[in-house]
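Next come two complexes, and both contain subunit A; in the first it sits with subunit B, in the second with subunit C.
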Partner chain A sequence: MDDLIYTLKQQIIEALNLEDMTPEDIDENASLFGEGLGLDSIDALELIVLMEKNYGIKLKDPSQGKEIFKSVAVMADFIQKNRTK
Partner chain B sequence: MMRHEVYITTNEVKVDGKVLSHNENGSALLTELYRAHVGDYPKFFKMDTLSKLGFVASELLLQAEGAPRFEPREDRAVVFFNRSASLQADTAYQETIQDPNNFYPSPAAFVYTLPNIVTGEIAIRNKYFGETSFIVMEHCDESIMARELQNAFLDPMTQSILGGWLDCTDENHFEANLFLVEKSHVPCSEVSCQQLNESTNNN
Partner chain C sequence: MKPILITGTGVVSAIGLGKAETLEALLNGRSGVGPLQYLKTEHKEFPVGEVKLTDAEMRSRLGIADDAITTRTALMGMLALEEALKEAGLTPEMLPNVGFISGTTVGGMDMSEQFYLDYINSEAHKEYIAAHDCGNCTEMTADHFGKFAFVTTLSTACSSAANAIILGANMIRCGEADIVVVGGSECITKFHLNGFNSLMILDTAPCRPFDATRNGLNLGEGAAYLVLESEESAKRRGVKAQALLSGYGNACDAFHQTASSPDGEGAYRAMKEAMELAGIQPSNIDYINAHGTGTPNNDASESQAMMRLFGEDVPPVSSTKPFTGHTTSASGSIEAVFCILALQQGFLPANLNWSHAMEDGIVPVSQSTKKELKHVLCNAFGFGGNDSSLLLSKVPEPVEGPTKYDGASTGSATCFVMSAKQISLQQPLNEDWMQEPVVYDAPFVRSIDPSFKEYISPIEARRMGKILKRAVATSKEALNASGLNTVDAIITGTGYGCIENTEFFLDALSNDGEQLLKPTYFMQSTHNTISSLVAIQTKNHGYNVTYAHKGISFDSALQDAWLQLRLGKIDSALVGGHDEMTETFYHILKKGGVMGQDDEMCGESAVSIVLSKAVEPVETPLQNKSALRQAQEPRPLCKLSGFQMLHQPTMNTLMDALARLLQSAGKSLADVDYILTGISGHHDQDEAYLQETKTLFGQKPLLKFKHLFGESFTSSGIGMYVAAQCLKTGHVPSTLFVDSKEVSDKQPKCILLYNRSDGKNVSLTLLEA
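What follows is the complex of A and B.
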């Protein structure tokens, strides 16, 4: 799980162009949106693409993202349980 | 208001005619300018190159102006011109949908596939509520630019324009010549296309 969390942090940094950040800067339990990483709605769409592209997970209902994208840890847990690649 | 002007190419930066020293070239130059002269707007890193160019050039221009910033105002318009529209962003987005076996359209790339996104970025950053427009031309044409600037001043709210030439074909070919002009000045000679066309031909 730790490896997945680290890889996921790297993928998020690359996909969202968080240029000044390293995986170590991201608290896996911190909120991704709002006061955490301060991501916006376009970033949320990019995270949906990231999950499909890298893990074969297609969200049937985009509103699921509200729960799944609570934090990197929550996202990694969801990926581990639902990944197809 | 003193006339202010910023000129940026892939390897040259001038503010009010004075050369600004730098180490990088191409898109890395824009990041260098952002870190050295702005630094408080992380959304910069998410922008396409055209928006990065316009954002950094407008920041240098407004710093040169020295007026209070970030106060809501309706009296300033943003009017840009170029010949390549949003070509670099269009290409970046196309790459995400080119391969049917790797078809993952990027929302972050898609949002920059219009040239006038950069006028919105600048208006949002500076709380400008005046007109914004982006005119695409076949080549730099001073008469069209002067006419459009004069047209922008027909709006009685508009007292000044942050405008000029802003063109980008890829991360290593771009050019900005931005200026501030007041309504009281006839904006017929704000941009010299000779310099821009010569530079374009050299690229």
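What follows is the complex of A and C.
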């Protein structure tokens, strides 16, 4: 799980082009949106693309992202349970 | 304002070719949205509103040769323009006195997306490369009918056509033209179908605006043009008005680059401004043709804006997008024509597919209903919160009101250039280049970027390409140096917009196919991203538009600001000219003969200029103020005292334009000290350019700047910056003289900028110390 979390942090940094950030800068339990990292709806769409590309998980409805993208830890948990690749 | 007459209209969309078919469909509830037929894409799951003709069928109807270079956007534009010109009784001989302003965002993308890999890898289809430009589509459309006096292109995504209508109205009110044909055209492309899909805002079912179950939009395509005319001109020509344009508003939501704010601030301001300009109370509005795309976000936000503005008495509202799909850049003029038909025939167009009331939203008109209409609002909103609203009215009998347009009598046409900041391949953000400019010996040179950390936080920077960072940095620097806290308008010119993101998206589309495309690349590929991002960054809800028309993109933005300053609609404006270049597109454009010919050096440009109607009296510096503070007291760089723009000019029309320019500024040619040209190293063009310049201006000393700054679509903005710095310092660096024998110490008091973009469009800008 820790490996997945670390890899996921790297993938998020790359997909969202978070310049100057390293995986260590992201707290896996902190909120990705709003108060935490300060991401928005477009980032959520990028995370949907990331999940499909890397883990074969297809989200049809962007509003599902609200729960799944709460934090890196929650996202990793969802990926582990639903990944097809 | 005194209403402007609409003396001709033409329309093409999924519900028909021409107004007769369109009216029949609107009255009978016949939608044109259905399964995909014409566009070649794997996304067959999305219903669309296509114009039911192939490109070849359109060419044949228009009498255009089968092998002619055309784009679908231009062809649809021609079909609509033909109807509008015919109705207004405008013949080819009359067009040299008529302007043409069109809105489009995809431009020639239908061809670029088909041939992109050929453009990179072979010589095939290179004749289509020049057609990528939005302005090229506009010219293709215009030139099919004759020689219009001037042309330009608005590119504010889905409000482009509405903003073209606003510019046309401002030109007539200023007395710059009697007749201007305005509107927009846009075809569906794989590029934006996939782009909207990546944003997850396309519905796989027919769209249901303002319905609780709405789940996105259907894309559509089409074109529509309106002939705007002054009352005097219509009387003289003996033509009748179909309807009146009595007001209009443009505001920026300044909230998010693709989402509308929850309270619909931009939409609210645009509608309010339209009514105020018309002097019409909310209670007199009989119908609103909503933007109503069918996305959860738009319809909730637009509902809030209407409810805030009209309270308990929201007039009948409908979105006609279930008829046509969302015709994006053309929607503003297509729906304006629907409104004109509704005014003429007395009916409320239906909001098809509606059945469930949404929470906290308006309830639209679900069936076409007979009703006498006097005043209607027509909304068009674009990405980045570029929100516009038009107020159209039935022609009263008899027409009453003042005989003159307000702007025509405006005395002084002068405004002040308060500040100008640039990032280019010369020393960025300061004027040290004037002492020792760097001369590059390379065909393509990138700009030198400062550190952007001071202007943009790392989290904000995540979606910004270089062009956006440069735009934000130069804008903030220019605003700071202007001494103004805020400006009333942000007006931007860009030839190709965020071309790096366009390239990323085209690469992915061409190499990886139509799946898993990045939404960021798409949303940052629209031209108006730049202007709206500057508005978001500077929290500016004022007027906001973007021009994308080849080498006169910046000039068009400058003209817009100048017109509105004269009209008193604004007191200040931030005018930008921004273009970036990539290796790939540099090679494509060189191959297509667009740029980089002969000794022409390609660069990138970012320039931001603040204009102001008045200069605040400079306070006497207090003694305890530091020397630094005193040095920063704003002092205008120079005055902008005249502007003219022409399409396909002849020596006669050029002479006339020059005479008008000088007359409006109260100057004679003898007062002009230097002519700043845009010669670029493109041999044939430069030769014609210099010859024309000499014929027009005699033996005036000629200056150049592109050998130092490079050529880009908006390098005329850099030209204005260079001239302004010369006027401010009272010195012309010797490196700027075309002929080294003419180098002189003569202090510049008046410089005339003569921009001749590929010989087809020219602009004249008069700057004074």
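Assume the second predicted complex is superposed on the first by the 85 of 85 C-alpha atoms of A that agree within 3 Å, B and C clash if a C-alpha of one lies under 4 Å from a C-alpha of the other, contacts with A are read in each partner's own complex, and residues count from 1 in each chain.
Heads up, the rule we're going with is that a contact is a pair of C-beta atoms (placed from the backbone, for glycine too) under 8 Å apart; a residue touches a chain by one contact, two chains touch by 3 or more.
In this text, all values refer to a predicted model and were calculated from it rather than measured experimentally.
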Task: First (subunit B), second (subunit C), both or neither touched by A:53 - done: both
Task: Partner chain in contact with A:4 - subunit B first, subunit C second, else both or neither - done: neither
Task: Greater residue coverage of subunit A in the superposed arrangement, subunit B or subunit C - done: C
Task: Partner chain(s) touched by A:45 [first = subunit B, second = subunit C, both, neither] - done: both
TODO: Pick one for A:16: touches subunit B only (first), subunit C only (second), both, or neither.
DONE: both
Task: Touching partner for A:62 - first (subunit B), second (subunit C), both, neither - done: second
- [ ] Could you look at A:74 and tell me whether it touches subunit B, subunit C, both or neither (first, second, both, neither)?
- [x] neither
- [ ] List the residues of subunit A that touch subunit B in one complex and subunit C in the other.
- [x] 15-20, 38, 42, 45-46, 49, 52-53
TODO: Under the touch definition given earlier, write down the residues of subunit C that touch subunit A in their complex.
DONE: 198-200, 256-259, 458-459, 461-463, 516-520, 523
Open item on the list: List the residues on subunit A that touch subunit C in their complex, please.
Closed with: 15-21, 37-38, 40-42, 45-46, 48-49, 52-53, 62
Open item on the list: Using the touch definition from the top, list the residues of subunit A that touch subunit B in their complex.
Closed with: 15-20, 38, 42-43, 45-46, 49, 52-53
Task: Residues of subunit B defined as touching subunit A within the complex - done: 31, 42, 45-46, 104-108, 111
